[in-house]
Amino acid sequence: MENNPLVIGGRSFRSRLLVGTGKFPSSRSMVEAINASGSDIVTVALRRVDLADPGDDIMSALDPERYLILPNTSGARDAEEAVRLARISRAAGCEPWVKLEVTPDPHYLLPDPVETLKAAEILVKDGFTVLPYINADPVLAKRLEDVGTATVMPLGAPIGTNRGLKTRDSIQIIIEQATVPVIVDAGLGAPSHAAEAMELGADGVLVNTAIAVAGDPAAMAQAFKLGVEAGRLAFISGLGGLRWKAEASSPLTGFLRRAES
Amino acid sequence: MNITIQLNGRDHPISGSISVLELLRTLDVNPGSVVVERNRSILERDTLDQVTLQQGDEVELIRFVGGG
Amino acid sequence: MENNPLVIGGRSFRSRLLVGTGKFPSSRSMVEAINASGSDIVTVALRRVDLADPGDDIMSALDPERYLILPNTSGARDAEEAVRLARISRAAGCEPWVKLEVTPDPHYLLPDPVETLKAAEILVKDGFTVLPYINADPVLAKRLEDVGTATVMPLGAPIGTNRGLKTRDSIQIIIEQATVPVIVDAGLGAPSHAAEAMELGADGVLVNTAIAVAGDPAAMAQAFKLGVEAGRLAFISGLGGLRWKAEASSPLTGFLRRAES
Amino acid sequence: MENNPLVIGGRSFRSRLLVGTGKFPSSRSMVEAINASGSDIVTVALRRVDLADPGDDIMSALDPERYLILPNTSGARDAEEAVRLARISRAAGCEPWVKLEVTPDPHYLLPDPVETLKAAEILVKDGFTVLPYINADPVLAKRLEDVGTATVMPLGAPIGTNRGLKTRDSIQIIIEQATVPVIVDAGLGAPSHAAEAMELGADGVLVNTAIAVAGDPAAMAQAFKLGVEAGRLAFISGLGGLRWKAEASSPLTGFLRRAES
Amino acid sequence: MENNPLVIGGRSFRSRLLVGTGKFPSSRSMVEAINASGSDIVTVALRRVDLADPGDDIMSALDPERYLILPNTSGARDAEEAVRLARISRAAGCEPWVKLEVTPDPHYLLPDPVETLKAAEILVKDGFTVLPYINADPVLAKRLEDVGTATVMPLGAPIGTNRGLKTRDSIQIIIEQATVPVIVDAGLGAPSHAAEAMELGADGVLVNTAIAVAGDPAAMAQAFKLGVEAGRLAFISGLGGLRWKAEASSPLTGFLRRAES
Amino acid sequence: MNITIQLNGRDHPISGSISVLELLRTLDVNPGSVVVERNRSILERDTLDQVTLQQGDEVELIRFVGGG
Amino acid sequence: MNITIQLNGRDHPISGSISVLELLRTLDVNPGSVVVERNRSILERDTLDQVTLQQGDEVELIRFVGGG
Amino acid sequence: MNITIQLNGRDHPISGSISVLELLRTLDVNPGSVVVERNRSILERDTLDQVTLQQGDEVELIRFVGGG
């Protein structure tokens, strides 16, 4: 198998690691981490201007020539709010791409399958390239494909938990059945988690918290970059199967003993 | 005479009917870095000076922040 | 934390990935894989000359200037056989280093703790730098340290099974208590497994089967190289802790709704 | 905490183990297994009469006085087919209860969240007590509750795979948030899996394949009965928390040594 | 397979659950829990008399007619101390049975393989029926068998951690190779863990902390009793294998649709 | 004269227009153990003898089987 | 005259040379519920009154407690 | 006259008493790539021509192979 670039919505990307911009200690550490990650796609959120501090503006720190700025709809509790947010980002000058998030539950921030599907349908018709964040639900993934989303983004674990690929079995089914890229999003807390997802055949992963809250965000971003490349390379190089009994890595010819005759 | 609009979900009194652009100036908000929604419809940037705020208008000033 | 080199027996190594030379489809693919792995330490085994094919000689393919050739004692069923094998490799011109393996059971090739300790004591006294292959047994690891082994090499799973870090909890205890380098050996079947071991704080990993039996051994060797670097970098960059509830990566300020007053 | 009976749709049941009737080697072994399971709720499916063998009739083997016969809608690929099947079972004289299954994918038989919610809404309005089979999706579970289903039945793993509680984390969230009984359905392959679900606080489990394909179905049914009771009892008796370091079960006073003075 | 009684050292026991007596809130709750557990074998420890409270005596609470009192050697840090403790219990009137524990490390209380084997050899020669507590080390288990121990007691996780069967793979190998009963000891924190061990084919389990620290020790003891019976019964009833794809528990004949002709 | 109905998804010829109950008899199906759907509507058991089958009727004979 | 023994790992003065049984009495320890080790050898219960303690004797009084 | 040695665990007849080096030559084994053990003791390479094989000698010819 060849190592093709990641293609989403007809557009080709070198890196298979997408990074988020939340929770960084500073705008500078964010930029250093993004650069270290080698990422081509960077997510941002929309919020009301803080009238007490109207100056702050993340876009000034991000170079739209270097990365695709991918707005998410975080904060939306239903389809209508999500659609509204997507349109606002487009109006703000972003390309018509959106990471669709509909999360009514504030505790686990898990996505609503019904509202997500409804919003996806509207946004696709409206000309958006839609990347929906979903639970690891293979049937929902197929339905989103059917309405024309550009990817599916199943979660590994709830956002920000660093718990890893807890949904491994379902992700594997989604990958097997999907005809659009599968980007594992949320819950990946270590490079080994990202590598595991890529080894399963995921087309990419999105990481934010694990990088932003690390002791050294830039170094952790590079660690995830390496982990994603390691997992991808292993996937296309053909991993060996699991065995139950041992298989000697050193030859097991009878040795230093009298031959049985 | 004063009117009251709803700005980012809160009542906000303004003196007389001013344009959205003037509102942003008074708030110290750079028009280039925000999106303005008025009564649920998005305003084109180059129209901000032509839109005059009315009593009860719902105005949202939105911008990008870090997110995952 | 800094990324120091790996130091074993007073000798410093750049790479934290050790590779074995068994099971490769050809001598050439073996050499390509070793080079792609970036490894500084390469293990070999001893066997009786095959009188039907006396020509074949692995050493001609390995450059002792580039790697430390580390002979193992695979095939040994007790301490005496292991000691004998170690001495033979030294007589053959190898440096006095040995990967100590004592595996009486041919089905799972699991190490014998008692014979391994006995052999380690003899070989250390005899001037060898001893790297013992052991089950993930924290108390045995301490005892081996006490008799002067240069590392401990606990297994992740039985040799050649590709099952991964099944002994994770015990490995974590060994790492916490060890004062010599901990090299995870055996059972690591994918780069994510190697990365996981390094994220726990292992000092290195040894891989053979997963690389040798891969569809493309050289590419898989590079994948493991990246996985080890990813895990090491994550370890020294300070991984975030696990959480149960979600933690928003996008800010959760009340949004697009009438403020509750 | 007390061990209350399981209450579904205002009706009270002694047993927290629901059993299915598919795949048994014979009608007799099915009946023996149901009795050994102590179950109060038994699921059945609807199919076209086999005109080649019109005699066979499962209902003759099941005593509606002893168990609640719970028809499922297996085979339905969308909401409409599911609703139609539910109405047929009611017409056939069953009580207006239904285990709602909408599974468009024939390979993994995973449920469709959107169609399941749609069918649930219709059937609840139509007077049915609805027990929907769903993926382990906490948000979907809440939405089903909101339209008035009597339970939610998240899967542990795909039907018939015996893989166990692979969705453990999500099930735990569903249990935490649910106000209707949570019955874990599908994939539970061993009594330990059933016990694990009950220890998490599930209100019940449904088992079919693991019992029906066992070497001795009646004995396996009893094993699951014991497993469910064990897990339930442990849940209400207050399980201890996990620890990382050891905690001596024997006192650790200084012992048989000279006291340090 | 039949459900034979557990036979250790030529003696037959009805129950396959062994219980410890440490950490109970009161002597009374201990006795209630032991009775609820249905156990035939109860472990105790030896300690110096507390001269400040010389009255307290656990033996007065335990009826040697009902249970085999099995003294352990907890606290011993080497073979010599363990042997000495075993002999003291015999001198105290106990039968010559001993649960052999040699745990030099106070943090994780993990057993020392070398000292345990040494002590086992001495005690067997001395006429003891020896039940050694060991790490889940298949080779060590065989060596203990070879010197004549009556069982092997591999740990599931460190004592008192409630972490469950973390050593599952190694336990499975031990069970496959053992010719003496395998009793899983330490770390089992819930009935599902005990059931899992029995489903693998373990001959019994020993539980102390999980029962003693439960909110309701007697109820938890009964829960473990049920879990052990569930797992045993499942093991002898023949568990079905795992599958990856779904296997319908309801028949999948084409249904309610026009037949493709 | 003969007519053809669709029975359980397949064409099924019957001689003349008979009642559903007669159909069941010819098929050896015990009316008490099945549900009969005709053109998507369910027939009450006690009406089976009064319903006469027409050319093109879609008839489903359904019963319970083992399921999970 | 007084002597000192080592009792359960600590120095313990006793008045004159008494028997082990007398020691237990003074300590309020029921001889039936303990094992007595003297200089690493276990004493039979029925000999406790015949063994007289000497200066420097190492005595261990041991009993069963709850354990796993 | 012929003698028999044990070579790599099997009986191996050789004609007359030859040196180990001569044995290797007859076997086509390059002395530089193997280790020779005779009766459990390792022979230095430069002594191979001086060691003459005796009836019953146990000879092991060992070399490195791929291993993990």
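Read from first to last, the chains carry the letters A, B, C, D, E, F, G and H; within each, the first residue is number 1.
We take it that a residue touches a chain if its C-beta (ideal position, glycine included) is under 8 Å from a C-beta of that chain, and two chains touch if they have at least 3 such contacts.
The shown structure was predicted, so the numbers you read here are calculated from the model rather than taken from an experiment.
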- Item | Selected pair, greater C-beta contact count between A-H and A-B | A-B
- Query: Looking at C-alpha means, what's the farthest chain from chain G?
  - Reply: F
- Where the centres are mean C-alpha positions, what is the separation of chain E from chain H, in Å? 54
- Averaging only over C-alpha atoms, locate the centres of chain B and chain C and give their separation in whole Å. 62
- Message: Centroid from C-alpha atoms only, then distance chain C to chain F, rounded to Å. What do you get?
- Response: 71
- Message: Centroid from C-alpha atoms only, then distance chain C to chain D, rounded to Å. What do you get?
- Response: 44
- Query: Where does chain A touch two or more other chains at once, residue-wise?
  - Reply: 20, 22-23, 45, 47-48, 72, 74, 84, 107-108, 110, 158-160, 163, 208-209, 248-251, 256
- The positions of chain G in contact with two or more other chains are 8-9, 60, 65-68
- Note on the structure: chain B residues touching chain A in their complex are 7-9, 27-30, 33-35, 37, 40, 42, 60-68
- Message: Using the touch definition from the top, list the residues of chain D that touch chain F in their complex.
- Response: 20-24, 30, 43-49, 51, 54-55, 57-60, 71-72, 74, 84, 87-89, 91-92, 159-160, 186, 206, 208-209
- Task: Quick one: which bits of chain C touch chain E in the complex? Just the residue numbers, please.
- Result: 103-105, 107-108, 110-114, 117, 135, 137-140, 142-143, 157-158, 163, 166-170, 173, 177
- Residue ranges of chain D touching chain E (in the complex, touch as defined): 20, 22-23, 45, 47-48, 72, 74-75, 81, 84-85, 101, 106-110, 158-163, 189-193, 195-196, 199, 208-210, 212-216, 219-220, 222-227, 229-231, 233-234, 236-253, 255-256
- Note on the structure: In the complex, chain H touches chain A at residues 6, 8-10, 60, 65-68
